[in-house]
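Pasting in a structure now, in structure tokens, and then I'll have a few things to ask.
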Amino acid sequence: MSLRFTIQELSEYVEEIFPQIKDDFEILEISENSSRVKLKISFKHLRPGNTVSGPSIFYLVDCAAFMAVCSRLGKEALAVTTNCSIDFMRKPARDIDLVAHCELLKVGKSLVVADVKVYSENNEKPVASATITYSIPPKSDN
Amino acid sequence: MSLRFTIQELSEYVEEIFPQIKDDFEILEISENSSRVKLKISFKHLRPGNTVSGPSIFYLVDCAAFMAVCSRLGKEALAVTTNCSIDFMRKPARDIDLVAHCELLKVGKSLVVADVKVYSENNEKPVASATITYSIPPKSDN
Amino acid sequence: MSLRFTIQELSEYVEEIFPQIKDDFEILEISENSSRVKLKISFKHLRPGNTVSGPSIFYLVDCAAFMAVCSRLGKEALAVTTNCSIDFMRKPARDIDLVAHCELLKVGKSLVVADVKVYSENNEKPVASATITYSIPPKSDN
Amino acid sequence: MSLRFTIQELSEYVEEIFPQIKDDFEILEISENSSRVKLKISFKHLRPGNTVSGPSIFYLVDCAAFMAVCSRLGKEALAVTTNCSIDFMRKPARDIDLVAHCELLKVGKSLVVADVKVYSENNEKPVASATITYSIPPKSDN
């Protein structure tokens, strides 16, 4: 199976359709079943207690899984998040970028399920663990 | 049971400790077991497809539940989100503010569990439904 | 909208297709958007600590939501559980039956999302709170 | 770190405190951070559609995680499940036993978080994926 995008092409595509997020993320790796994406931490991602906010971590989870889904299914996918469950397990340091490792557990006709673990860069204990589900609308031409 | 804050006091407290979020939210109502909080939608909250992004909805859920926890437990609470499960059920319009209704289901010694439903303002069908858990650190001797 | 079943008919239908569960449950109420179902607690539902086991509570959640989905969509539905998130909040007594209140939050073409709260009978504080999602297979041409 | 139990000792301990489940499970492997546990499928675990029921899969998830927690923390743990989120991804065959692989993601002072993947025996695509959280009561002697 060949990928639908190179990292460069996917970055440009996301920048085009989703300009709000372009300065926050760097795509580190994509494959047919996975992605690794970095959240570049800045002031807006922090919360009281010198740490990264929960919504910023959720934002990274959603972005990493969306990148993996795009790589696998291509531009026409229009995947929509239907469910996410996330456990926050450790407080990340405020000055270290976060990296999400996403693995696609199931790519069905109508649902895609992904497992995402989030780490502070170069730390092996996960900050958060999530499962996220996307609904894939039926193709209109059929 | 008396509330630890008025809406005005809670708004000022959040603005002081968490300046990143002050322009996004308006607290509509707080009680000892609940809160209603509005997310004022702007461009940064949107995603492709003319709708509000999942992370923005998560952000509102977390904020509304945090307000309810603060109202109940006061400034010393230092509650930390440990888990959230969220279902995204309908695509909200991009030009209508979102309102979260939060109800505290359990206020235990170490865990608080809240149910949060999110609506487009003046619409009775929920956009999203979430359960979110906070861990309350044990009080120190001071 | 008329219901697809009376309580009596639904009980008989479930007994016919799902004989394993027939002695465990009693359907108390069904409507087009909700159900109330009782789990009749016996020894097999208990766990150490003189309480009802988590899997037994999950079993009740799934059953109550399945009843609500059947009432709404009828026999042909063949709904399959795709996701459930459950919070266990209080330890139920071992000698009081449990009652689940299920509300359908969304009935879409391919997904149904339900909110379920579980109570010890005649107690108003919930033992558990869950959201559960069913996938509805597309109808075949027959 | 040494384990608190051998497989034999843990099986006997569970049989003693939790006789309801003794014929359903076989502990295949335990380590300080993981477990592998088999659910021996019988008629009571099935649902319509020639497959294993969701509650039976949940039951296996909870059991495998409980075994891992016991191995790590010992008899005095008295861990209580507080939350579980589970995705059902593939329909398992009715005549093949299920095996859960549990990994402890976090062992904190008050919360333990575990990741559990469930497989039909000898099949590498997961039937279900779950995250489950246990609360560890504070020790009473302090």
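The first chain written gets the first letter, and so on, giving A, B, C and D; residue counts start at 1 in each chain.
Note that a residue touches a chain if its C-beta (ideal position, glycine included) is under 8 Å from a C-beta of that chain, and two chains touch if they have at least 3 such contacts.
Computed from a prediction, not measured in an experiment: that's the story for all the values here.
Taking each chain's centre as the mean of its C-alpha atoms, the one that lies farthest from the centre of chain D is B. Of the two chain pairs considered here, B-C and C-D, the higher C-beta contact count falls to C-D.
Per-chain CA centroids place chain B at a distance of 33 Å from chain D.
Between chain B and chain C, the centres computed from C-alpha atoms are 29 Å apart.
Chain C and chain D have centres, each the mean of its CA atoms, that are 23 Å apart.
Shared interface positions of chain B, defined as residues touching 2 or more other chains, are 82-83, 85, 87, 89, 133. Here chain A touches chain C in the complex through residues 82-83, 85, 110-111, 133, 135, going by the rule given at the top. Here chain B touches chain A in the complex through residues 17-18, 20, 43-44, 46-49, 53-55, 58-59, 62, 78, 80-89, 91, going by the rule given at the top. Of all the residues in chain C, the ones that touch chain B in their complex are 85, 87, 89-90, 105-106, 108, 113, 115, 125-126, 129, 131, 133.
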